[in-house]
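The next part holds the structures, each set out as C-alpha cells.
Shared between the two complexes below is subunit A, which has subunit B as its partner in the first and subunit C in the second.
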Partner chain A sequence: MTEPQEHSGRAQLLLELADDELIVGWRDSEWTGIAPTLEEDVAFSSIAQNEIGHARALYELAAIELGTDADALAFDRQPAEYRCAPLVELHLLDWAHTIARRYLYEEADRVRIEALKSSDDAELAGLAAKIDREEVYHRLHAELWAARLREEPRFRDAVAELWPYALGVLPEELRPELARRVGLEPAGSSLLQAAERGRHTPELSELWGEMTEVRRSAPGAQW
Partner chain B sequence: MTAAQVWEALDEIPDPEIPVISLVELGVIRDVAVADGRVRVDFTPTFLGCPALEAMQRALAAKVEELGCEPDVRVITDDSWTTDRISPAAREKLRAAGFAPPVPRAAGATTLVQLQSHVFRCPYCGSTETRLENIFGPTPCRSLRWCDSCRQPFEQFKTI
Partner chain C sequence: MPALPAPERMIYEVFRQEKKGQPFQHAGSLIAPDAAFAEAWAREQYGRRGESAALWLVPRDAVHEVVDWADEFDLKYRRVDGYSIKARLLEARQRASDNYSEETGASAA
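Take a look at the complex of A and B:
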C-alpha cells in the first residue's frame, strides 16, 4: 500500500474516523427498503444517516487542516486513499453478519470515542463528546439485537468471523479493552491476525464506484 | 444593529422539521455577536446527522442578510447543546403539535430501561401508559412511541 499523501497525525486520525463512519453509514443504508421488518428499516436508515452526519463533522475538521472541503474528502479521493478499516467495507448479505458488524463496530467505536473524549485537542474532544452522546442510541439498538441473538449459532459464528476485523478498527493499545468488553480473545495471540487498516477489501472499490458515481458524472457541479 | 435585534429576528425562523417552534426556542442558537455590519451566529445541530442542518444554516444566513448585515454562521460541534436547552414554552408547543418533549438529560448515558419506562407522557391524552416502539424515527432526534390509553402512535424527542 502506498499512501499518496502524507498527512499530519491529526488529519490522518480524523480521516480514519470519518472514513469509518461514512462507509459504515453507506453499508447500513443498504438495508433501507429491504430490512427484515419495517422497524428495522427505519432504524438502519436513521443510524446510517447519523453515522454519515458524524463523518461530515469529522471531514470538516480535517478539511480545515488540509485546505479542502468535506465533500472533496468524502468523494474525490481514490479508493486506495481511504483510511477506513476493512470491517466497515464488507458487503454483508445476511442479517446475522449485519448485526454482528453493528455490534462489534459500536463496541470498537465506543472504546476509541472514550479515549478521544480525554484528548488534549479541545476541538476533537468536544466533537467526540457530541458523537458519544448520539451513539448511545446506536449502541442501545446493537445491544438489544446482540442480546436477542446471543445463543443463535449463526450469530455467534458471524461474530467470531468478524472479530479479527473488529480488532482492526482500533490501534493496538485499545484492543485489549475491546476484547474485555466483547468477551473474546484479545489481540496478540498467535492464532489471531487483526484485519488491519490500510489494506482494503475488493468490496471497497465496488462501493466507491457506486458512492461517487453521481459526483464523478458532473465534476464541480453544485447540487 | 444590536444583538437583541438579531435574536428577535432569528426567533422568526421556524425549525424546518418541526415548524411549530423556532430555532431560538429550540435552543440551537448558541451566541450572536454584532460588529461592523457583520453578524456572527453560533449554531449547533441537534444531531450531527440532522438532515435539516444545511437548511438551518441557509435560513440563518438569509435572515441576517434581511437585516442588512453580512452573515457569518458557525456550526459548533461540541457537547454543550442538550435538549435541556429547549425552552419551557417550546415544550408545550411541541406537546400541542403531537410531539412528546424530551425528558431531562440524566447524569449517565440513557439506558434501554429508561427508554422503556413509563415516564413518557402521551402528548394527546396525557397518559403515562406509553411504550417504546422504535428508538429511531423520521429524523435522528425522534423516537416512535405508542400510547396504550388512547391507542395513538406519537413521536418522542430524544434526550441528548
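Take a look at the complex of A and C:
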C-alpha cells in the first residue's frame, strides 16, 4: 500500500469517529432543558458536551493530516461530506428512543474504542485510551437506564427499531462483538440489514443547517 | 415521559470535598431511584469540572437531625462573643516574639 492511501484511510477513520461524536453530542444536547428530571438534564447535557469534546480532539488529529483545522472540519463541509453513521443523525423525539440510542451508541463505541486502543497508530491509540476514561461514565449512565428500562415495552421496541442503525456504527468485523454484548442478533444472520455509513438520513441536513448557521453567517470570522 | 414512580424516588444529600484532606461540605441534593443513579447524576452535576476530589451521597433518611435546643437560663458566660480577645491576643503574640528574639538574638520583624 502506498503512503497517501494509508493517510487517507486514517483521515477517513478519524472523520467517521469525530462526526459520530459531534452529531450524537449535538442530538443529545437537544434535550437540554427538557429531559425528564433536572438531574438527568444536567447529566445528559454534560455527556453531550463530553462527546463534542471528543469530536474536537479527533478533528484536530484529522486536521493535521488534511492541512486544515478542527472548526473547518466540523462546520465547513457539506452534509454529504460528513462520515457519521445514520444512528447519530436521527431526530428522536421521545425519551425511550433517546435512551435506546444512547445505550446502543455507547456499547458500539466501547467495541470500537477497545479495538482502537490496541491500534499500531500510537497517536490514535493514545487518544482512544483518553476518550475511554470519560466514556466509562457515559456507559455507567447508559447501562443504568438500559437495565432499568429493560422490561419496558417502549424501550425494548426502541432498541429493536434502532438495532440495524447501531450495527451501522461499526465495521463488519466488530459487529458480532456488539451483538454479543447487547444480546441481539448480528447482521447477516437473517433479513436484518444494517443502516450503513455513507448514506445520510434527511434529518442530517436539517441538523447541519442549524449547527452551521452562525458560522456560515460570517465566513472566516474568528470567535 | 412520566416522572419516576414516587416510591422509587429518594433524596440524596450531596457532600463535596474540594481537595483531599479538606472537610466535606454540603453541596446540594438530588432525587434518584437508587444509589447507582445518584452516583451517575452526582458525578455529572458535582464533578464534571474537576471541582470535587470526592463526594458523599447520603440518603436523607439516614441523616439524624437535631434541631431543638434548651437554653432556658441564658448562660451567656458559656459563649465567647462577649469577650474582646483581639487586643489580648496581639499582646500575647508580641510578648512571644520578644522572648524569641531575646533567646536567639534575632531581631523581631
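By our rule, the second predicted complex is superposed on the first by the 215 of 223 C-alpha atoms of A that agree within 3 Å, B and C clash if a C-alpha of one lies under 4 Å from a C-alpha of the other, contacts with A are read in each partner's own complex, and residues count from 1 in each chain.
The criterion applied here is as follows: a contact is a pair of C-beta atoms (placed from the backbone, for glycine too) under 8 Å apart; a residue touches a chain by one contact, two chains touch by 3 or more.
The structure presented is a predicted model; accordingly, all values stated were derived computationally and were not measured.
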> With subunit A superposed, do subunit B and subunit C clash or fit?
Replying inline: clash
> Is A:L127 contacted by the first partner subunit B, the second partner subunit C, both or neither?
Replying inline: first
>> Contacts for A:D94 in the overlay, against subunit B (first) and subunit C (second): which applies, first, second, both or neither?
In response: second
> Between subunit B (first) and subunit C (second), which does A:R56 come into contact with in this model arrangement: first, second, both, or neither?
Replying inline: first
> By residue count, is subunit A touched more by subunit B or by subunit C?
Replying inline: B
>> After the superposition on A, what does A:V214 contact: first (subunit B), second (subunit C), both or neither?
In response: neither
>> Going by the contact rule set out at the top, does A:A160 touch subunit B (first), subunit C (second), both, or neither?
In response: neither
>> Applying the document's definition of touch, where does A:P36 land relative to subunit B and subunit C: first, second, both, or neither?
In response: second
> Which partner does A:I47 contact after superposing on A: first (subunit B), second (subunit C), both, neither?
Replying inline: both
> If you stack the two complexes on chain A, which partner ends up touching A:Y137: first (subunit B), second (subunit C), both, or neither?
Replying inline: both
> Of all the subunit A residues, which ones make contact with subunit B and with subunit C?
Replying inline: 39, 42-43, 46-47, 49, 137, 140-141, 144
> Mind pulling up the subunit A residues that touch subunit B in the complex?
Replying inline: 39, 42-43, 45-47, 49-54, 56-57, 60, 123, 126-127, 129-134, 136-137, 140-141, 143-144
> Which residues of subunit B touch subunit A in the complex?
Replying inline: 45, 47-51, 53, 75, 77-80, 109-112, 115, 133-140, 144, 158, 160
> Contact residues on subunit A for subunit C in the complex?
Replying inline: 36-40, 42-43, 46-47, 49, 94-96, 137, 140-141, 144, 148
> What residues of subunit C sit close enough to touch subunit A in their complex?
Replying inline: 1, 3-4, 30-33, 36-37, 39-41, 43-45, 48
